[in-house]
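Take a look at these structures.
Two complexes follow with chain A in common, the first pairing it with chain B and the second with chain C.
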Partner chain A sequence: MKKLIGLLLFAIGLYLAVFVKVPEGNDNRTKNNVNMARRMSQLGIVSLGAGTLIIAGGIDLSIGSFMGLCATVLAVGMQRQGWSPPQAIAVVLGMGVVVGLIHGLLVTKLRLPAFIVTLCGLFIYRGLARWWAGDANAGIGPGMFKRAFSEATPLGLPVEFVYLVIAAIVFYLLLQRSIYGRYLYAIGSNELAAKYSGIRVDRYKIFAYVLCSLTAAFYSMMHLAEVASVSPSNVGSMLELYAIAGAVIGGCSLRGGEGNVLGIILGASILTLLQAVVSFWDVPQSLEYAAIGGALLVGAIMDEVLRRRGPATAHG
Partner chain B sequence: MPLLRFGSMVALVVLVSCSSGCGKSGEAKTRVAFVSNNAHEFWTYAERGCEKGAKEFNVEVLFRRPPQGSAVEQQRIVEDLLLKGTKALAVSPNDAKNQVEFFNKVADQIPLITQDSDLPAGSKRRCYLGTDNYGAGKAAGGLIKEAMPDGGQVLVLVGSLDAQNAQERRQGVLDELAGTKNATGPKLGDKYELIDTFTDNTDQAICKTKVDAFLVKHQGDPNKLAIVGLWAYNPPAALEAVKNAKLEGKVKLVGFDENQQTLDGIADGFIHGTVVQQPFEFGYQAVRLLAALAKGDNTVLPADGVLPIPHMVIKRDNVAAFKEKLKQLLAPPAA
Partner chain C sequence: MLEAVAVSKGFPGVQALSDVNLTVAPGEIVAVVGENGAGKSTLMKILAGVQVPDAGTLRLNAREIRFASVDAAQQAGIVLIHQELNLAEGLDVAANIFLGREPRVGGPLGLISSRIYSDAATIMQRLGLDVSPRAAVADLSLGQRQLVEIARALSLQSRYLIFDEPTSSLTERETERLFTVIRQLRADGVGILYISHRLKEVCALSDRVVVLRDGRNAGDLLREDVTHEALISRMVGRELKQFFHRDQAATLATASAEPIVRVRDVRWSASQKAGISFDLRPGEVVGMAGLMGAGRTELAETLFGIRRRLAGTVEIAGRMIDVRSASNAVEAGVLLVPEDRRRQGLVIDFAIRENIGLPSLGHWNRLRMVDRRREQETSLMLRDKLRIRTPHVEQIVGLLSGGNQQKVVLGKWLAREPKLLLLDEPTRGVDVGAKAEIYEIMNELAKQGVAVLMISSDLEEILGVSDRILVMHEQQLAGTLTREQATEQAIMHLATGGMGNS
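Right, the complex of A and B next:
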């Protein structure tokens, strides 16, 4: 709980840091809130998938490439092959299920390390995306698809934010309110113990991989709807690192078994806000990654130091 | 009390820095922005040009480069710049065809100009400034003529042919050699012949491998062969392959852009010459236009909406001076 409050304060601090730099008037501040909510929601959704997998003791390094492949398939399908949006969406969600299943089966049945399986995926999906698009950019025009995943503003909120709220509720019910969630935490903390207590470990792990790939597929729709353009050679690159970082900042342990929905969303918000701080405080662009990484590292160090000091004083 | 203290500390720092910094926004300069399409060194020269322009025209220039060269980064950068009170914007669109809608919306809010790469016809940009790639291609064709006046065979290397600048440069080369418009080859006039055009998906290693293989198979006189590389990394790849085949100095090489290896190759006499763009001028001229447009002065706009930035031809006689100039431009600006 304290960790969540700490994250929340950190996020508020960063938000204020951005807020003071946005000039008043012209609805600038509202527009900026909408922009940030949009970016935060996209990252939040994919972080929820990555976080759930991490809680179950897995990892997926192919998120960025896979989301790039999905975005490419969507754009190429709708632009060049005349797919209707529902068709394209169905194809991509189907890809999410299939790819998640493949990852899960390779990890559980063949006992390959998740790191290797998904690292190979990282290369494979990028290659497939470039091949599928013939190494040319693809894009979509205005229409139903853009409205559904980016331009609509139900209740005045960016539609991505609505999707995030829905995803958060679903993941909350699943992870923190259902028996399946308990199984995932148990598997992540101690797979062997979970197995001996009768949990069908493989089945739930595969399920976690599918969830992760599905959120990446969903992200690709919001991404394409926002940008309207896909360059297969770089779309989504490094997204996996942002998604994993979001989950880990939010309290997921890479050793598995730890983390919760609110923390993951706060983690994703902090990453988004850090990028906004870099942008609005005119941090030299060449230092952008260094600034984000540095801020996160300082946060992690403070967290660890204070955590260690905490029990010592309590017992002392 | 883990992140709790850290969080409140950040909030505190923000409040303090705000109270000290928020007051002095009174006499701020007009803000204009220049957005590149990636973080390539090319843009550092443009940034120097922007800095010169900022001083001369008394504006603040926000210079931004999408670190991974993706359209999403670029659009988010532009969104943030709009909110920061940018009054005019110059951009090199990452994906011109698919970003028209986005940039038209931007152009509805503030004056927008494109540089380096243009939006498709009919967009709302006020003006385009950049290299005339067809003219630059003709200049490269001229270099081939110089190096091989009695005629011969020509091989063209480029990353991909779907890029507008690749098509224009290549056409310029072919037209110059053929002495006609819209030359297609393989026969180019009486003296020259286009053997092939190799593409490599922007991969220098693939480019070199293809040239390696070509030189092994090639039967003709190496002194009657010219290789022209249209993108920055093509000439170095060709040079490596030619050295590999021990044909340096025999095969005539012509290139584009100011890759260090290309310039060294020119100094060594293995590359006849290269056609370079002037990114410094991109930056300087863009700021000149932006500063005026931000004040509502539209008289600076060229009548046809295009401001060509001339290319330069670098050969052995001027390569040393050119290298020195680049070095000065890359040095951090004096504070």
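Right, the complex of A and C next:
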């Protein structure tokens, strides 16, 4: 709880830092808000997937390349192969399920380390994306797809934000209310004890991989709809790090078994806001990563210092 | 002389110690006894610098001392062997024994000398720890790991040694060996503090016994005044009925029933000469004895589906069951209380409520949602029934005392309906009162027609609670003893490879 409040305060502080720099008039502020909400919603959704997997004790380093592959397949499909948007969506979601299954099966049945499996994925999906698009940019024109995943503004809100709310509710029910969530936390905390409790550990771990890949696939739709054209060689690069960072800032421990939905969303918002701060405070573009990394490091140090000053817990 | 004077320590919601006094002199063995949660481990942790008391003082040779860390206490010659194991599982035995104090060569290069293995072997031999110093700790049994912890403490050459339930996972033979070492240490002038729930050991070993009850001193008995009864009445503050004995009538009643469990030719390892076969009747409490490594745990894990069954069949209530995973087994009504509570039995970071709910949640709710109310009610009910000492069921199990953790493991399964309940050392680290309660629960389940198979290394316990006793030796069933045939000698005879009469 204290952690969530700290994150919230941090996020508000960053927001104010952005706010004061946005020039007045011309709806600038509204536009900027909408823009940040979009970013934050996109990242939030994929962080929820990554966070769920991290809670279950797994990790996925292929999120960025895989989302790049999905975006490429979507664009190439709709632009060059004449797929209808629903067809394209179905293909990409199907890819999410299949890739998640493959990751999960390799990790559980063959007992390969998740780090290795998804690191290989990182290379493989990037290569496949470039090959599939013939190493050329691919894009889509205006239409239903763009409206559905980016341009629509139900209730005056960017549609991505609506998706985030839906995802948050779904993940909240899953992680914090359903038995599946409880199992994922148990597996992340002590897989052996979960097994000895009669939980089908492998099944739930695979499930977490599938969820993670699905959110990456979903992200690709929002991303393509927003930017219209993607370059297969770099679309989505570093996204996995943002997604993991969002989850971890939000309180997920890489050791597994810790974290919650609200924290993950706040973590993703903080990252988004940091990016905005960097761009509005005229930090040279080349320093963006350094600035974000530095700010996160300071946050982590403060978090640890505050924790130490809190009530000490002893382990026997 | 090491003294604790008027020491108090509180945790959120519990006063673990209030004004407790304890002394131990060089060359003296002082046993500390008390119920689960009485504060024994907490007191020892304070002496060893693991925890800081809220009030009171510690004195070493009449000088007041204050330890900032475990390291400081070790420098002063005080070493605690924890109740719960803390080993680096990936490292080998020698590395664990000398962790942080490795014999070095090469000066600033800090290379580890190969002497580490011969040094380790010397200490291990003293303890009768019969594995290679190069063996990975992960491959050792629980009892062997316990001995590694003890070896580590011995290597520190300390002046005061504190043993927190050292024998709970040792076999009789290892226990004897450890006692010899402890007596030898006493002769060398080392002061020993010794915690155990096995009163027999306490009577045999100690020069003096200090009793704690609810975090207070409840008695300080000299060797000549120590009796079972005197200890128990001071520990629990009331008379407790004598050691549990299963009702003769119950044994007779089950003797004629049709078996509910039929195990035939079960094997889990290619090196087994023959498979294992036995029947269990509903309502029967069957003890399983054997030395460490005799395959009792392996058998239980195979029946529970955690270990792959290579051959054989298991039939429960007339149905062949194909247990390939623990979840299959649970569905078929086969439940296991595993041997190692911290690794297998509990999610240490979960609350009591969440641990108890874990195996039952899926069973309770069709919508696959967590039924918080039911979980809460069940855990409260079980807390009272098992007398788990805790301010509330939201307590993280990692913070419970050892015996109370064990009760939570048992509680997990009491929320389900077993047909075959497998218990692997269920009373390890459990106090006398709670032991009686656990036997009572086994009895109650048996009365409802459950077949109970209890693995135990405590012969007194096995003899007391079982209708029948299966004895294992080297991955084989060495024999079956009826209640009339069963004596300690008969069991040991079979367990050590003597010819059976089954």
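Observations, loosely collected:
Quick note on the criterion: the second predicted complex is superposed on the first by the 311 of 316 C-alpha atoms of A that agree within 3 Å, B and C clash if a C-alpha of one lies under 4 Å from a C-alpha of the other, contacts with A are read in each partner's own complex, and residues count from 1 in each chain.
Everything below uses one rule, namely that contacts are C-beta pairs under 8 Å (C-beta built on N, C-alpha and C of every residue); 3 or more make two chains touch, one makes a residue touch a chain.
On a predicted model such as this, the values are computed, not experimentally measured, just so you know.
After superposition on chain A, the partners chain B and chain C are accommodated together without colliding.
In the superposed model, A:Leu241 lies in contact with neither chain B nor chain C. When the shared chain is aligned, no partner comes close enough to touch A:Val162: not chain B, not chain C. In the superposed model, A:Val22 lies in contact with chain B only, and not with chain C. Contacts of A:Gly257 after superposition on the shared chain: chain C is touched, whereas chain B is not. Rounded to the nearest 10, the superposed model shows the Cα centres of chain B and chain C diverging by 140 degrees about the centre of chain A.
Legend: residue contacts after superposition of the two complexes on their common chain; A:Ser279 is shown touching chain B, with no touch to chain C. Once the two complexes are laid over each other on the shared chain, residue contacts for A:Ile12 go to chain B alone; chain C is not touched. Of the two partners chain B and chain C, more chain A residues are in touch with B.
By the document's definition of touching, of the two partners only chain C reaches A:Arg177; chain B does not. Smallest inter-chain Cα distance, chain B versus chain C, after superposition on the shared chain: 18 Å.
Per the touch definition, chain C reaches chain A in the complex via residues 12, 41, 45, 50-51, 82-84, 304, 306, 325-327, 329-331, 336, 338, 343-350, 354, 357-359, 361-362, 365, 368-370, 398-399, 412.
Across the complex, chain A meets chain B through its residues 2-3, 5-14, 16-17, 20-23, 28, 31-32, 35, 39, 130, 135-142, 223, 226-231, 233-235, 237-238, 276, 279-280, 282, 285-286, 288-289, 298-299, 302-303, 306-307, 310. The part of chain B that touches chain A in the complex is made up of residues 1-15, 18, 21-22, 39, 62-65, 67-72, 75-77, 79-80, 82-85, 94-95, 97-99, 101-102, 160, 162, 201-202.
Across the interface of their complex, chain C is touched by residues 173, 177-183, 185-186, 189-190, 192-200, 257-258, 311, 313-316 of chain A.
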